[in-house]
Amino acid sequence: MAHIQVHRDDVELDEPTLVEGLPGVGLVGKIAADHLVDAYDMVHYGTAHCDGLPEIAVYSEGDPTVKAPVRIYADEDRDLLVLQSDAPVSPSAAEEFATCIVGWFVSHDVTPIFLSGMPAEKSGDVPEVYGVATGDGAALLEDADVSVPTESGAVTGPTGALVHEAQRVGLTGVGLVVEADPQFPDPEAARALLTTAIGPLGSFEVDTEALVEQAEEIGKAKERLAEQMQQADEESTSARPLGMYQ
Amino acid sequence: MAHIQVHRDDVELDEPTLVEGLPGVGLVGKIAADHLVDAYDMVHYGTAHCDGLPEIAVYSEGDPTVKAPVRIYADEDRDLLVLQSDAPVSPSAAEEFATCIVGWFVSHDVTPIFLSGMPAEKSGDVPEVYGVATGDGAALLEDADVSVPTESGAVTGPTGALVHEAQRVGLTGVGLVVEADPQFPDPEAARALLTTAIGPLGSFEVDTEALVEQAEEIGKAKERLAEQMQQADEESTSARPLGMYQ
Amino acid sequence: MAHIQVHRDDVELDEPTLVEGLPGVGLVGKIAADHLVDAYDMVHYGTAHCDGLPEIAVYSEGDPTVKAPVRIYADEDRDLLVLQSDAPVSPSAAEEFATCIVGWFVSHDVTPIFLSGMPAEKSGDVPEVYGVATGDGAALLEDADVSVPTESGAVTGPTGALVHEAQRVGLTGVGLVVEADPQFPDPEAARALLTTAIGPLGSFEVDTEALVEQAEEIGKAKERLAEQMQQADEESTSARPLGMYQ
Amino acid sequence: MAHIQVHRDDVELDEPTLVEGLPGVGLVGKIAADHLVDAYDMVHYGTAHCDGLPEIAVYSEGDPTVKAPVRIYADEDRDLLVLQSDAPVSPSAAEEFATCIVGWFVSHDVTPIFLSGMPAEKSGDVPEVYGVATGDGAALLEDADVSVPTESGAVTGPTGALVHEAQRVGLTGVGLVVEADPQFPDPEAARALLTTAIGPLGSFEVDTEALVEQAEEIGKAKERLAEQMQQADEESTSARPLGMYQ
Amino acid sequence: MAHIQVHRDDVELDEPTLVEGLPGVGLVGKIAADHLVDAYDMVHYGTAHCDGLPEIAVYSEGDPTVKAPVRIYADEDRDLLVLQSDAPVSPSAAEEFATCIVGWFVSHDVTPIFLSGMPAEKSGDVPEVYGVATGDGAALLEDADVSVPTESGAVTGPTGALVHEAQRVGLTGVGLVVEADPQFPDPEAARALLTTAIGPLGSFEVDTEALVEQAEEIGKAKERLAEQMQQADEESTSARPLGMYQ
C-alpha cells in the first residue's frame, strides 16, 4: 500500500528540487518548508501513504477538506517540491518511510534537500549552516557556496534515515545542518537555512521578511507549540488545533 | 476473518447514511449514536468482526442474548445506520479497523458521519460545531449549513484513522467536530451534534428532550462511567455492568 | 499444533454439556469445575494443546504422572465434560485459545456452560446468579429457570473471549454470572453456580456439602492461594505446590 | 537453523540417559550436571543451536577454544549424556528450546532426567527428593526407588517447558524435584539428587565427596555467583569470568 | 537487503586479516580499530548494510560526503581490513548482524580478530591480554605468543554474537580480551591490544606513540564521549558532533 499518491498530473516538473520539512530539532525543517509553501502559494501535488505514517485527518481553518499529514507541494515555475508534515514520523517507522519516499525521489529524478537542526546555545550571530552530500551532491554544495562541516557528526532520526537511504542508493542530494534551539521552534535558524543555502541551491530568492515579522509572534506561541508536538502520539480520539504551522 | 457480518438481509437500505459512535473525548460520538438507536428503536443490523477489536461478550438488562461489542444498527425508513461500540478500539488496532470498516462503507454505498470531540472548557453557550469532509463531503456540509473549521486542526485516534482512510480511498463522508468536556461524558455536546449537524445532514429531526432530561442523571453517574471506560482493557475474566449506555 | 488431544476413545459421549473452569474473579469457575471432577470421579479425557497456553508440567500428590495444565475431564453417565485449568490463560493468548477450543466444541457437538464472577461486596445472602446465551442458549436458560441479567454488562478476559467466539460462530451455549469476592477464592459463589444453574442446566444434582465444609479451610488458605495464582507467570524454573485445587 | 550439532561421531551410545542441567532454583540442575561432567571426565559431544539460546562465546581457563553456552557431554561407558548450560534459557525462548531439544531426544532414543529445585527453608535433614514421570517413566522411578510427589505441584520455567513437551509427545522420561535454597547455589540439594535418584536411575554410583568438600568454598563464593547469574542478560559487549561452574 | 557493499574493486586482498572495532567496554575495540585506520591511512573499502544497524548519516570535519555508520577500511599492502563503527549495534540486532558479517568473512577468506574489554580496576601495570579462538585460531594465538585465558569466562554482547557465529560455522578467527576501564574510554587497554596481540597476529608493527600522546587529551574528553555514546539511540532528528573518534 506504501506509495506516493500524485493528485496533480497537470503540474509538469523537470528534475525538480525537493525541500524536506519533517519536524525535528528547532522545527527548522518544518518552518522553512511551510514558509516556502506559503510564500510561493504552492499547490497540493501529492500525498505520502507509506507504512507507519500517522493515520490522522488534518484540516485547515476555513476549508473543510481533509488531508493526510505528510504531503508534497509543488511550484511548477521554480521546479520546486516541498515535503510538508503535520506530525512527527515515529522512529520505528523511519526506515520504511525512508525506503518509500527515497524510492519515489529516484524514480522521479528528484534532488532532495534534507534539513536538520544541531542543538546549540543561542549567540547573537546568524546561526552557522553547513552542508553534507550524497551521490554527486558535493558539487551542488560547492556551486551554491555552502560551507563544509566544521566538525564531524551524524544526522539521526527520521531525517537521518532519509539521508542514509539516499547515500545507500547513490541518489544525488544534500543535507543542510544548522545550529538551532534544542527546546523551541527557531525561525531564525530556519531563515538562515533559506537565505544561506536553500535559496542558492534552488536558484531562487526567498523573501523571509514575513518570517522575521512572525518571529515575535512565534516566540509567544512557542510553549503551546512544543506542547502540541509532544502530544502528537496521544492515543484517544480527539480533534486538536494545529496552530499556525498547518 | 475480518469482515462485517450482516444479520438482517430483510432490511433494505438505499445509499444509507451512517453515524459513527466510537467512545472518544466527552463520549460525544457514543452518546449521540446510542441516542439515535434508542430514539428510533433501530434494529441490530450487523456486527463488526475486524482484527484487533476487543473480544468481549456484551449483554443487556433483561435480555440474555450475547452480542459482540462493535455493532451496526439500522432504521430502514430513514435509510440510517449507526455504528455502536461498547468498548474503546485500541490505538494499535485502529488502522486495521479503519481498513475493515471503510472498505465495507465503500462496497455498500454508505455515507459516513464521523464524530469527534475537541477538548474545551465549558462556557454557558451551546458548544461550537464545525465539519470536515472527505470525497465530495464539502457539498453535504454546505447543504446542511454546517460551519467550516474555525481553526486548523487534526482528528486523531481511532476516529482519525477512519476519516484518514475515507480520505485515502476517496469516499464521500463528513466529520463533525464539537467542543466537549475533556474529562467526563458530555451530553450537551452530543446534543449539539445531533441538532446542529447530524439531523440536517440526515434530513431528519431528532427529539433530544430525553437527552436533556438525562443530563442531570448522567452528571451524577459520570465518575462511575469514566472509571468503567478506563477499566475496559482490564485483563482478568469478569463480568462488569456497562451502565446506562449499553 | 493447536488441537485438543483426546486420550480416552473408549468414553462415549452424546452431545455432552461442558462446564468451563478457568481461573477468574473469585476463582468461581475453577472451584465449581474442580468440585465436579472430584464429586463425580471424572476421568482425564483430553488435553488442550492450544498456542499460548502455559507450558508447565503439573503433577498430583501420590501420582508421578505429569499432565498439561489445561485438561478436559469426562463423566460418561452424565454426558458431562469439565474444562479444568491449573494456570491462568494469559490475555494475549485468549483469542487463539478461544478459536482453538470453541472450534472443538462445534465439531464435537458440545454445549458449553461458561462461568464468570462479577465483583461484588459480600452480603449475607446467597450470591445472585444470572445467565447469558449464545446461539439458542436462551431456551436452555429458560428451561432451567435461570434468571435473565438484572443489569447490562460484559464478560471480559479469557472467558469473555470464549463466549464472544461462541456467539460469533453461532454455537448454542450459556454463560453464568455470579456475584463474587473480587480478592479471594469464593466457594459460596461457586456453590451458588452449581445449585442454582449448573445442576438444573445439566439435569443432575450436585452434592455441595463437601464444598460447604471446605469453606472454612479455604478461608484459612486463601491468602496463600491468592499468592500462588499471582506467581503463576514467574519465570525461573521451579517446582511449586498447587494447593488443594489441583 | 535450530538443531543439535554432534561433534563426536566416534562416540557410540545405546539408548542413553541424559541428565539436564539448566540453571534454576538453587542451581541444583547445573551443579549436579557439572559434577557428572567433571567426575566422569565426559567428552564434549554436541552443541545445541536452538533459536533463542543466548549467542555468547564461552571459554575455559587455560584453553582458548570457544564453545557455545548450551552443550551436550557424553560418557560412552555409562551410556550417559549431560546437558550443560553456562547461561539461563530466557522464558520467551523456552518453548522453542523445548521443541528443539526434546525432538532430538525422541529421534536419538534418549531418556531424559529433568532436574528442578522446589524453594524450601533449610532444615538440618537431607533435602527431600521425589520424582514425576512422562511416557512410561513411572516404572523407571519405581525401579530406582524414587518417591512419589508428597504434594501436588507444577514444574515451571524452561525445565517445565521441557517436561511439558516430553509429556506432550509421549517420550519416556523422569523429572526430579528437590527441596532447595531459593536464593543461593545449593550443592547439598544437588548431592541429594545425585545419590538418591540420578545414580539409581542411571545404574551408576557417583562419588560426591568432592561436592561435599567444595560446599564450604561454594558457600563463600555464593554471593558472587548469584550476582553473575543475574547479569547474564547484560547487553553491552564484555568478557566476564564464569566462576567455578564453567 | 542485508549485505556488505564493496566500493573499491581495485583493492586486491589475499586472505586478509580483519580487526573488529565495535564500541564496547572501554571502547577498546573502537579505539584500536580507529587508530589503525588513521595510522595506515586506510581506504574506505566497504559498507555494512545489515538489518538492524542504525540508519544514521555520518560525516567528517571538512568533508561533506555522507557515510553509513558501519564501514570496512582496507590496507592493501598489509592485507589488512578494519571494521569501524560510529554507533553501537543494538543487542536485538546483534544476531542478524553476526550472520550477515561472518557470512561475508567466510565467503571472502577473512580471518577476523575480535576485540573485547573485560571490566577491571586500574592498576599501574600494563593491562592483561589473552586470546580465545574459533576454528583453527588456537595455532594463530600460539604463533603470536598470545596468552591463554587465565580464568573461565564468556564474551557477550554484539562482539560475543560475532565470536559465537564464527565458532558455529567453524571459521578460523581469534578473540582478544583485555582488562579495561568499565566506565570510560581506555586508550591504554587499546594500546595493549595493539602491541601485545594485534601487531604480532597481523605481522606488522604499529606505532602507538600517537595513542599515548592523545591519552591525556582523551582523558579530558572522556566525560563528553561517554555522554555521546549513551545518546546514540536518541530518537528525534538532529545532527550531532561525533568527537575525535569519527
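What to note about this one:
Order of writing sets the labels: A, B, C, D and E. Residues in every chain begin at 1.
Please note the rule applied: a contact is a pair of C-beta atoms (placed from the backbone, for glycine too) under 8 Å apart; a residue touches a chain by one contact, two chains touch by 3 or more.
For clarity, every value in this text was computed on a predicted model and none was experimentally measured.
Looking at chain D and chain E, no chain is in contact with each of them.
For the copy pair chain B and chain D, the superposing rotation over Cα atoms measures out at 145 degrees to the nearest 5.
In summary, the pair chain C and chain D forms a contact in which the copies contribute largely different residue numbers, shared numbers making up under half of all those used.
With centres taken as mean Cα positions, chain E sits 36 Å from chain A. Chain centres here are Cα means. That of chain C falls 58 Å from that of chain E. For chain C, the set of residues that touch two or more other chains is empty. Contact residues on chain C toward chain D in their complex (touch as defined above): 5, 49, 54-69, 86-87, 234-243, 246.
Chain C makes touch with chain B in their complex at residues 22-25, 29, 88, 91, 94-95, 98, 116-119, 130-134, 137-138, 141, 148-161, 163-168, 174-175, 177.
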